[in-house]
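Below are two complexes that have subunit A in common, paired first with subunit B and then with subunit C.
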Partner chain A sequence: MRKLTRTIVAALLTLPLISGVASAYELVMPTLDYRTGPYAPNGIPFANGYGDYLNMLNERDGGINGARISLVPCETGYNTKKGVECYENLKAEGQSGALVFQPLSTGITYQLIPKASVDEIPIFSMGYGRTSAANGKVFPWVFNFPATYWSQATVFVQYIGQEEGGMDKLKGKKIALVYHNSAYGKEPIRTLEKAAEKFGFEFMALPVDHPGQEQKATWLQIRREKPDWVMMWGWGVMNQVAIKEAASIRYPMDRFIGVWWSGSENDVLPAGDAADGYLSGAFHQPGDDFGAHRDIKKHLYDKGLGLGERDRIGEVLYNRGLVAAMWTSEAIRKAMEIHGTNEVRGKHVRDGFEALEVNEARLKELGLEGFTIPIKITCENHEGPGQVALQQWDAKAGKWNLVSDFYEPLRDITGPLIAEDSAQYAAENSVTERSCN
Partner chain B sequence: MTFFIEVVLSGLMAGVMYSLVALGFVLIFKASGIFNFAQGVMALFAALTLVGLMEKFGFPIWLAIIGTIAVMIALAWLIERVMLRHLVNQEPIILFMATIGLAYVLEGMGDILWGSDVKVLDLGIPQGASDWMLDSFDIYIEKLEVFAAVTAAILVAFLAVFFQKTRIGRALRAVADDHQAALSVGISLHTIWVIVWSVAGIVALVAGIMWGSKSGVQFSLSLIALKALPVLILGGFTSVPGAIIGGMIIGVGEKVAEVYVGPFVGGAIENWFAYMLALVFLLFRPQGLFGEKIIERV
Partner chain C sequence: MIYRETGQFKANYQDDQALFPIDQDRYVIFGILFITFAVVPYLLNQYWLNAILLPFLIYSLAALGLNILTGYCGQLSLGTGAFMAVGAFSVYKLMVAFPELGFIPLVLLSGLITAAVGTLFGLPSLRIKGFYLAVATLAAQFFLIWLFNKVGWFFNYSASGMINAPPMTIFGVIVTGPEANDVAKYYLVATFVAVFALAAKNIARGRIGRNWMAIRDMDIAAELIGVRPLIAKLTAFAVSSFYVGMAGALYFAVWLGSAEPTEAFDINQSFLVLFMIIIGGLGSVLGSFLGAAFLVILPIMLKNILVDGFGTDSALSAHIEIITVGVLIIGFLIVEPHGLARLWRIAKEKLRLWPFPY
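Presenting the complex of A and B:
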């Protein structure tokens, strides 16, 4: 029933677009959601955080610089084909056309990358998608800040080094990667292989097929090989099963690190107390003790306009959606500033992304002081700061806590890999590297 | 050697989990010749209902289980009234397609009624590794899977008695053998269908409980049906013991393959290996290990 209500609310919020009631120029922002299917438990909180933040801007500020945002949801079910269909159906939506796409799927992102430059619509694959899209000279239409999977992998290696007593202590250690057997899950492998060469640890990669409901063989191999640390690049049910399996074989949770997509409340709650101490990457704070969250409650939930449940505001994936919406709206604001008009199109928003700077002062103005890292995007660097911290699950308190500072990635590893991969993409797709001077 | 034993035992236990899903397919196919594509979704729907009754309505476990059984029986009645009744004498492929539609309807209903979040299912079933096996023999056995194996054994015994010793069971077998002949001696096809779908619903609930306890109740549960398919191919679509034995063979086969062959070919082979194993069996026994050999005379 609550879902039905949410759907009606979402429909009502998008009604002005459909009915054409609003005469002012509207900023069309399609949302590629997945509220159904096996990955829905993760897709829903992200979509709620993303939508709530933008709806809050509409309710509180009348949109961005007075131009209302029109959210147009499209259900992908985390299915690449459906995601591409959504893109094709929505790219020319409304007067503005789609201003930006947030695919929330590495598979969909890979398919949209070549289309984006033709249609002149930026793709914001926040912390996922093709890592080498960090190279803005080759991928002018794709942005993957605030950090890539490769940066994150090197941060995990540094964290492990620190916990072991220094990077030199990594020599002879064994690190396993349990990964979703998909384009997404395979992303960090090359980076970790390079890191293994550099620091002398043994690296083993263990794939888990979609959806990951059954992983016994994988964890038996971990029992046999006894790696010192395990990393996980999982999504959906794979995360929950992996954490339970790890607990079952008595693998120490504080030596088990998940990618930031393997570190939500959904992932740890089914394992109960056994998940205590489990680590994951993070680039924003958990919780709802921020001005933006209070505004969302005041302007949306108090009026019955919220997309989700009030008590789930501030969950990790909700905040992930929120931070994505915040950066996106700031890029649109920047685009308006650069081009001196509220009637921006996708190509203008791309310029906004490329000149985006959200520093600590701006975060404070947005009611998100200390919520995430400051970012600055440039023509060359679409990854931004690349900094990643680690968060840890406290099962007793039932919450995530950031337990490390933000680490700088090992750019001596990621830099050449990004250059190599983007050059290969440019060669294969006849893309001429642009100048950023 | 200990590790090999561990792999085999884990395979056997995982196989039993697959068998629990396969059993539901067998029951319906045996009695009506319908390959029920919705069986995985039925397991999901049953588990969602169980958790929903406990979480949203505060039912104690026993009452929630009874309530869910009642819902699954009502669902069986509804399926018969709305879907099957109108498809009597249709080609098997038509019935199969109808069950595909049913899967979507049930998935949507589950979503609307109970939401899409991951739900923790805690019925007090023991979970985690058996400490005794781990400490005494250094062998990792999941307590939940041992529990599932015992449950499966009880379920099979119950089904055997039900099919062999009860009037309804005999009627079910009669319908399975020959619809027309069964009708001619006064057995109501509609009633039999309601009963068999109800039993399949209860089996789905058991499967949903076991898999839901393992990973939390969530929509990916519907995909466990994919794990049951090779079991059915191998064990035969009409044999209850075949579902159990087939599950164990598939479970052991895929685990041994993944652990010992996987590392040489990039890993993640267990899913397709299960199908390959089933296909190899098909070459020699197209009806599966325990399936009925159909001889058609022209």
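Presenting the complex of A and C:
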């Protein structure tokens, strides 16, 4: 017993020594991963893509402009409370402090939005989180480019209109939304209600409770009501269950559109051939035929440094993690340029995000030509272009293909909603709008 | 030798009935209070206060509440998460509507609202018992969460159904919202917990507490000796819900800052608090604290030791954490089915005889 006590005391005493080794200035990038729990099938590829790209920058270029990146993962299990604990634990990590948080969960994003602005750490909730954060005047510390859920919902409505032969044909059609019954899933409802009013289609919202393994009742209702189109805002195990259920009631897959978090290989593979033709939103290409991917294989996987499995590079969610890492690292590069130093802090990185411009030429330099849409962020617009395309699953070839152009969102619907919601946030939290001149 | 009551004579009934009749107990309690209020806030950093001690204290209050109902009165409840949600949503609506009342009265008020709701859902306990009552409270869990998720009035029609705590001050110090002072938040919650733990200890040994325990031990016998089950059971539901409601209000307003009903107050929350009192010890104030510490602090410590100390991969350490906590729960319950509080009692008995046990 005494021996055990002594060992524990010794271990506790040496703890600060192990963790407190000082070295050259490192860019601390915490990642809130979820490799456990019901959302792990989606959390793992994203975390791998994000980590691999940044590790590749370290191996290939020695970091960003010579400053090495230090990735600090923290496991959240997609649980808000654990996410907050991770945030508190990592926000002051290292010499630089956390430079940017990528929460990858709408619940955690909502928790961190007020905290991060006080701690002066930018939040990059790429295409998720609070939609009205697109209003940079009220949310200076939050960035949700390249497009929000509301933009995406209006894009789906446009796609449906086009398939039906014109927006005026939407009148009298029935569109259902199957959504994760949480802050995340509820995001598009108001937009779709407005769109239903404008174009005269009937809208029905069908919630699915966490984690979404049981959806028989929902799909029975769809079989009874026979909506012309079904949209889905799902995540984790909910996606594959929904696609399997849709297949079992023989719902036409090419009339079933998932949000871009409901469109990865993990979601469609379990349904097999029946998933052929399923659609989802997208803002980047699938596949691994890009320079950046080749560099990742060469500098990481050939040396055994990769985070995931080699044959899963280029999956949809892997590429989503990669594109998030690319934009984040570009923002840090921009921050270094603006402030003329490599020793950037969270508040500098925020300036970098706000001045971020990644155009076609820059994408080409990064080895990602045609991989995603060009973006340009400004002080008042944190959503960026807001353009969304649709991708379709080809079950025979086992891959996703982009099947549409990039649509512009219907800003006449989303604009007033964003203004209204951000004004409500500002009023409730006594935030004053900043000026953007 | 250390823990010996020899020589402590009581000359009147008042001394004999004191809350902590033995000197050593009293010193320990004063010591803990001194450390809690005078040492901890100045010794520990923001991470410790915000991410470890706040949830520990708030869960202790919730566990205390459930312990009153389940541990003292013997009514099994699976609705703790929902009652915490009632507290949270009440305090949210009150904070937005009547900010001028001040934060502490609003927390007490939301406790009272929860007490009313809890009493309502406690009515079935007069007819049904044991596992059947657990099912009835489970209905409360699902119904209330559904209600808060469905009816826009509760979350002021926000697009995502989330509620955000607006900033509020006590004596000019901000205690809710993102700019809140960490030390002030800690003091606020610690004061609530200390005051209401003392109250619980007193209620439990008084007439009401004895009625509860009589009902718990054998309700028919209790009825025969003159305990009225209606009053006893409903007061237990009311007092318990009052505690749980305040815990919910603090959980949302002071600790989390924003919450959505389906995640922050789901069924797992109810189970978590129930496990706290089972592991800590049913019918024991100390047990509520030990159980909360076991299920809140231990996993975080384990994670920090693994990840920061040994550099274990974050996902692997999450798995190790789940396994270890599970094994420890089973281990503790095999060694002592009556919980950690009972272990402490046995330790006290041993200390009393040490170093000459017979």
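Assume the second predicted complex is superposed on the first by the 415 of 437 C-alpha atoms of A that agree within 3 Å, B and C clash if a C-alpha of one lies under 4 Å from a C-alpha of the other, contacts with A are read in each partner's own complex, and residues count from 1 in each chain.
In the analysis below, contacts are C-beta pairs under 8 Å (C-beta built on N, C-alpha and C of every residue); 3 or more make two chains touch, one makes a residue touch a chain.
Keep in mind that this is a model prediction, so the values were computed, not measured.
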Fill in: subunit B versus subunit C as contact partner of A:36, first or second or both or neither
both
Item to complete: Considering only touches as defined above, state whether A:224 meets subunit B (first), subunit C (second), both or neither.
Response: first
Discussion item. If we overlay the two complexes on their shared chain A, which of subunit B and subunit C does A:85 touch? Say first, second, both or neither.
Written reply: second
Item to complete: Classify the contacts of A:115 with the two partner chains as first (subunit B alone), second (subunit C alone), both, or neither.
Response: second
Worksheet item: Given the touch rule stated above, what does A:187 touch, subunit B (first), subunit C (second), both, or neither?
Response: second
Practice prompt. Give one of first, second, both or neither to describe whether A:209 is in contact with subunit B, with subunit C, with both, or with none.
Written response: both
Worksheet entry | Partner chain(s) touched by A:266 [first = subunit B, second = subunit C, both, neither] | first
Discussion item. Going by the contact definition given at the top, which residues of subunit A touch subunit B in one complex and subunit C in the other?
Written reply: 35-36, 181, 209
Item to complete: Flag every residue of subunit A that touches subunit C in the complex, lowest number first.
Response: 11, 15, 18-19, 33, 35-36, 73-75, 77, 79-81, 84-85, 88-89, 92, 106-107, 110-111, 114-115, 117-118, 130-132, 181-184, 186-187, 189-190, 209-210, 417, 421, 424-425, 428-430
Worksheet item: Within the complex, which stretch of subunit C touches subunit A?
Response: 46-47, 50-52, 55, 96, 149, 156, 158-162, 164, 166-167, 177-179, 256-258, 260, 262-264, 266, 300, 303-305, 307-309, 311, 313-315, 317-319, 322
Item to complete: Would you pull the subunit B residues touching subunit A in the complex into a rising list?
Response: 3, 6-7, 10-11, 14, 17, 107-108, 111-112, 115-118, 120, 122, 127-129, 134, 140, 142, 211, 214-216, 218-224, 227, 254-255, 258-259, 262-263, 266-268, 270-271
Response to the item:
In the complex, subunit A touches subunit B at residues 1-4, 35-41, 44, 181, 205-209, 211, 213-214, 216-218, 220-221, 223-224, 236-237, 240-241, 244, 247-250, 266, 269-270, 272, 274
